[in-house]
C-alpha cells in the first residue's frame, strides 16, 4: 500500500487553471495534488544571439522554487547569487521537452520564455512544470495567431510528463514527496500526445533496477501521460 | 480624475487570504487590487552569527518578483546572479518595518524569515508586502505560542504600509502602476496600529514637492493605514 | 544636551574644497565635521544603452567607503565581490537627488558619473555626498560650457541634503556618528535651493515617531539646507 | 552505415591507463577512441558538513573540459566565473553513479573526490568519465586498504556507462561526436557489473522515439557495458 | 631629456603625511609627485584560519584606485564584482614586501591589514603604496607597544620601493605616467633599509632589455630607495 | 647538495611533445621533470573589442591547474567561481612574454589564445608553460602560413623561461617543488632566443638577497634559457 493510499497506477488529483495571472501571454497554475506550479509563457519578439538571422525562433525555460514552497525553508537562489545544479538540470529539461513539439521555423524569429515557479511543493515539480508549461505555451501560440503574428500553429503535438518509481518492489505512478523519499528508483518520463518518448531520466536511489521493473515503469508512465494529455485538452477546451 | 476612477482617498480593493500555502508557519496572499503578493513567515530556531548568545531573536525579510509578474518579462535575479538595488532596498524596508513592532528579546533566540514574492504586480508591491507580512508574522507567532515555544507574544503593535502621491496637483492614496508612472511624487508610509510613523520614503519623480503637499499626503496615508489595520484585524479574526 | 555640544539647530563645521584632485571634470572634498567625502564628476560622451538615441543625457552616482574610513575596518566591497544593500541604497539616492535638478535633455547625449568616496566617516556620509556632489556637478557643467560643448546650463536649481533626528525627545540637526547611534529617529532630507523637497527618508530606529516630531524635524532640515546651499554658493564663488 | 564505419554494436577502441599522474590516490586516463579523460580519485579524511558525525563517508565528482579539448575553443569556466548547466548535470551524474556501487558506511568518515577532466573530446565524455572514474575509485580504495585505513572494501559492484542512439533509424552503440550531432536520439546508460541499471537518460533530439527503439537501445547498452566492465577488470589486473 | 624635466636619477617630490585620517592605527598619505595614495594600517586581534593556533601573526594588504583617480574614469571594482588581475598582483606584492621585514612570531596572534587606496594617480602607485604602507605599519606597531600589547618591535628593517625604466635608451628613476607610457622597460624594485632586495619585477614593454641596462637600473633603484628610506625616517621623526 | 641531486646549473629533464591533442592549431605537452603542462594555441579570426579596427592582432593566455595536479587536492577554480590572484598573475605573465616576441601588426586582425593547463605539478609550472607555449604558438603560426592566411611569420624571436633560486646560500637553476619550498629566493626569468630579458620576477621568500646573488642567478638563468631554446628548436625540427 502506498503512503498516499493511491492505487499503483493512480495519479494525484490534477487541476489546470488557465489565465491565472494577467500579464503573461500564457499563464497556468497547475496542481498535481499538493504540488502547485505557476507556468507562464512570455513572447519576446527577438531571438538569442546564436540564432540571429537564421529564420527560426526559440523556446527556453527557467525554473524556480519560492523559498518556503518546501517543508523547511530553502535559501533564495537570487540571494545566494547562483542557481543550483538541480535548478539548472530541471530548467534545461523543461526547455528541451517543449522544443520537441514545436516547429521553431514556423514560430518565426521570436522567443517564448517559459517560467515555472513552484508555489507549493510536494514532489513531482518538474513533471507538473512540463505539463502546465505546455498549456501556457499553447495559449501564447493561440494569442499570436489571434493577433495575426502567426498564420499557422508551430505546435506539432502536445507534451506532458510524469514520474514513476519502484516503491517496496512495485512500480507506482506519480510519486508525492513522501513516496519519493522512500522509493528505490525515480524515473521521469516525458511523452508526446501521440505516444512518443521525448525524455527519460531514471535514477536508482538505492539498489539498481532491473529491466523488467523498467518495462513496468514505462507502461505505467504511458498510462499516466495519456490521462494528463486528456486533462490538458479539457482545460484548453479542445 | 484618477485613471483608476477612484476617489483621492480611496484604497484599491484589499484582500488578505491566510493559510495560502501549507508548509509555512505563516502564509498570506495579500491583494491590493491587481497587485498580488505571497507573504510567508518561516521560523528558524537559530539566530544569525552577529546575534549569537545575545539572548534575542531576529526578523529579516527577502523580496522577489516572479519574472512575468510585470507587463513585460523581467530577467530572473537568480539567473542573473544578483539582486537589484531596488530589490535590496525593498527587502531592507520590509525587515525594518516588522522589527519596529516586535520585541526581539521576547522572541527568544530564533529567526523569523519573511519572504514576500510578487505573483502579479500593479504598483504598490512594497506596501502590500509589509501589510501582508504582518499577518503572516502574527500567524507564526501565534503558532509558536500554541506550541508552547513562547509564553507571551513579542508583538507590540500592528504595522501596515501604503503609498501616496501627487497626481495632477492633487494628493492621492494607493497608487496603481499607471498612476505611479504618471505622478510627480511617490511616497511610501509605514505606520503602526497606534498611529506612529515607522518609515517615510518620499521621492519627487518630476518636480520637487512643497511642504503643504507633504502634509496633505501624510494625512491621506494615515487614513489609508487605519483601513489596512482594520482589514488585517478582520482577517485575523480579532 | 547633544553629545557634540552643538545646539539642536547647529550644523557641524562644513568645508567645501574644489579642485581636490586633478583629473576629474569636477572634484570636491566636502567635510561635515569629521566626515570627509571626495566627490568627483566625470563626463563621458555617451549614454547608457537604455537612453541611446533619445536625445537626452544621464547623471548617475556610485558610492563607496574606504575600508578604514570607519572606527573598525570594514571588508572591501571589491574584494567581497559585491556592493552591500546599504551602498546601493545610498548611490541610488545620490543619483535621484542630482537628476532632480538637471534638465537631461539640455545636457545632451552624455553621461556625468558622480563618484562619492568616503575618506573618513563620522555619520552623515550620504548627506555630505549629495551636498558635495552638487558642487562637483556644477564644476563639470561649467567646464562643458567653457569648452563650448554646452551653450546653456542644464542645471535648474541647487540641491543639498542634511540629516535630522530625535535625540532624547528633541529634534536635532546633522547627526554625527555618536548621536546617530543613540537617537530614536533618523531622517535624511534632500531639498533644492528654492526650498522644494526632493527626497525624504525617515526611519524610526527605536520607537515610532509622531506627526509633531516629524513637523519639527522638517523645519530644522529646511534651516540646515538653507545654510548648506549658501556654503555651496560661497565655494562656487557665486 | 555509421560515419565511423563501425558496426551498430561496436564500441570505439577503449584504453584504460592507470597511475597516469603521480599525486592522486587513483589516477586513470581513459580513452574511448579520440575522447580522452583524466579521472583522479583524491581521498580527504573528512566529510562535508551535512554528513558530520553520521558515521558515513561521501563520494562526489567534478567535471571539466580543457578549453581546447573541443573542435573550437570554449570559454574557460574558471574565467567566466561559473560552471555551465551542462557541466553541473554531468558531474552530478558521475557522483550519483559512483555512490550507487559503494557502501558509504563502510567507507568511514572520509570523502573521495573524483575529478574528470577532458583532455580531448570526441563525444561520450560523460560515459568515458564514469567508466574511468570507477577504476580510479577502485585504486584509491585499494590504497586505503593497503594503508590499513580500511579493513574491508566498501565497493559493492563495478559500474560503467555507455551511450546509445538512433542513427538513420537504427540503434547504434557508443556515439562519437559526428554521430551524436546527426542522430535522432541520444541515451546514456549507467549499469553495474551485475547488470542492474543505475541511470538512464534518454533525449529525443529530433523526432520522439518509440518504445521498440528504446528496447533495442537498452539491449545494445547492456552489451556495451559488459565489454567495458571486462576492460576495467583487465586494467585492474583482476 | 625626460618629459618631466628631471635628471635620470631624480625622484619626484616625495611627501609623507602621517595621521591623515583619525580611525586607523596607522594612516599615511604618501605623495610621489602627483601620485597620492592613502595607506592605512588596521590592527585586528585575530589571524586568518590557516594560521590559527600557530603562535604567529599576519600582515596582508589590499589595493584599490578611486574610479576617477586616473585620466579617464575606470569602472569601480566593487560594482563590477571583482578585482582585476592587476589589482590582485599589486596587493600581493605589497603584502609580500611588508612581510619581508616583520617578524610574524613577535607580532603575536594578530593581523595587520594594510589598505592602499589611490586618491590620484600619475604612475608609480605600487611603489608609493609600499613606501607609505611601511610608515603606516610602523605607526601601528608603535601604538601596539604604547598600549602594552607588544613589548618588543617585530619590525626587523625598513622597506621602500621605486620604479626604474629605460627611456630613450637611458635608465631613469621613478617614472611618472607619461614616462611610463613611453618607456621600453619598467622595473619595480623593493629594497630594505639595509640594502637587500625584497622584490624585483621587470618587464620589457617594447624591446627586450640587456644585462647592462639591467645593471644600470638596479644601481639607480638603490640610490632612490636610499632617499626614500631617509624620507620615511624623517617623517617618523627618527 | 640539492635535494634533487642535480648540479647547481643543471636543468631537469626537459621533454617537448608536439601535436599532443588533435583539435588545437598548436598543442604541446611540455615536461620539466615531473612538471607536465599541456599548452595549446587556438586561432580565433577576430580581436577583442579594444583592438577592433586597429589593424593588429592579439595574443592572450589563460592558465589553470587540474585539481589533483598537486600533492593535496586544490579546489577547482570553476567551482569556486573565481580565479585566484596567483592564477591571474601567471596568465598575465605568459601573455606578456609571448607578446614580446610577436609582431602583432603582422599577425593581422586575429587572436591567438594560449591555454596552459597543468596536468601534474612539481614546481616551475609557469616557466614550463611559457617554454611550451612558444612551441604551440610557433605551430599555430606555421599552420596559418601553410593555409595562406599569413604570408610572413610575425614571430620575431623565440622565448623561454626558467626559475633560479638561492638554496643554502648557493644559486641553483630550475627549482623543483621541494627545492622551491626550502629556498630563500625564487626568481623567474623570461628571455628571448637572442638573449634579451623579457621579464624578471624575483622574490625574497625568507631573507633579502644581495646584488651579488642576483648577478649569479642571472648568469645561471641565461645558461638555462640557452638550453631550453635549443630544446624548442630541436622539437620544432629547426
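Some notes on this structure:
Which chain is which? They are A, B, C, D, E and F, in the order written, and residues in each are numbered from 1.
Here, contacts are C-beta pairs under 8 Å (C-beta built on N, C-alpha and C of every residue); 3 or more make two chains touch, one makes a residue touch a chain.
Chains and their UniProt names: A, B, C, D, E, F = Ribonuclease PH.
Small disclaimer: the values here were computed from a predicted structure and weren't measured.
Under the contact definition stated at the top, the chains bordering both chain A (Ribonuclease PH) and chain F (Ribonuclease PH) are D. Note on connectivity: the fewest chain-to-chain touch steps from chain E (Ribonuclease PH) to chain F (Ribonuclease PH) number 1.
Among the other chains, C has the CA centre that is most remote from the centre of chain D (Ribonuclease PH). Rotation angle for the C-alpha superposition of chain C (Ribonuclease PH) on chain F (Ribonuclease PH): 120 degrees, rounded in steps of 5. If you average the CA atoms of chain B (Ribonuclease PH) and of chain F (Ribonuclease PH), the two centres end up 59 Å from each other. Between the CA-based centres of chain C (Ribonuclease PH) and chain E (Ribonuclease PH) the separation comes to 33 Å, rounded to the whole angstrom.
Within chain B (Ribonuclease PH), the positions touching two or more other chains are listed as 81-82. Touching chains close into a ring; read starting at chain D (Ribonuclease PH) and passing to chain F (Ribonuclease PH), it gives D, F, E, C, B, A. Residues 82, 85-86, 88-89, 91-92, 96, 100, 157, 187, 191-192, 194, 196-204, 207-211, 214, 218, 222 of chain C (Ribonuclease PH) are the ones that touch chain B (Ribonuclease PH) when the two sit in their complex. Listing the residues of chain B (Ribonuclease PH) that touch chain A (Ribonuclease PH) in their complex gives 21-24, 27, 34, 36, 38, 40, 42, 44, 62, 64, 66-73, 76-79, 81-83, 87, 113, 115, 117, 119-121.
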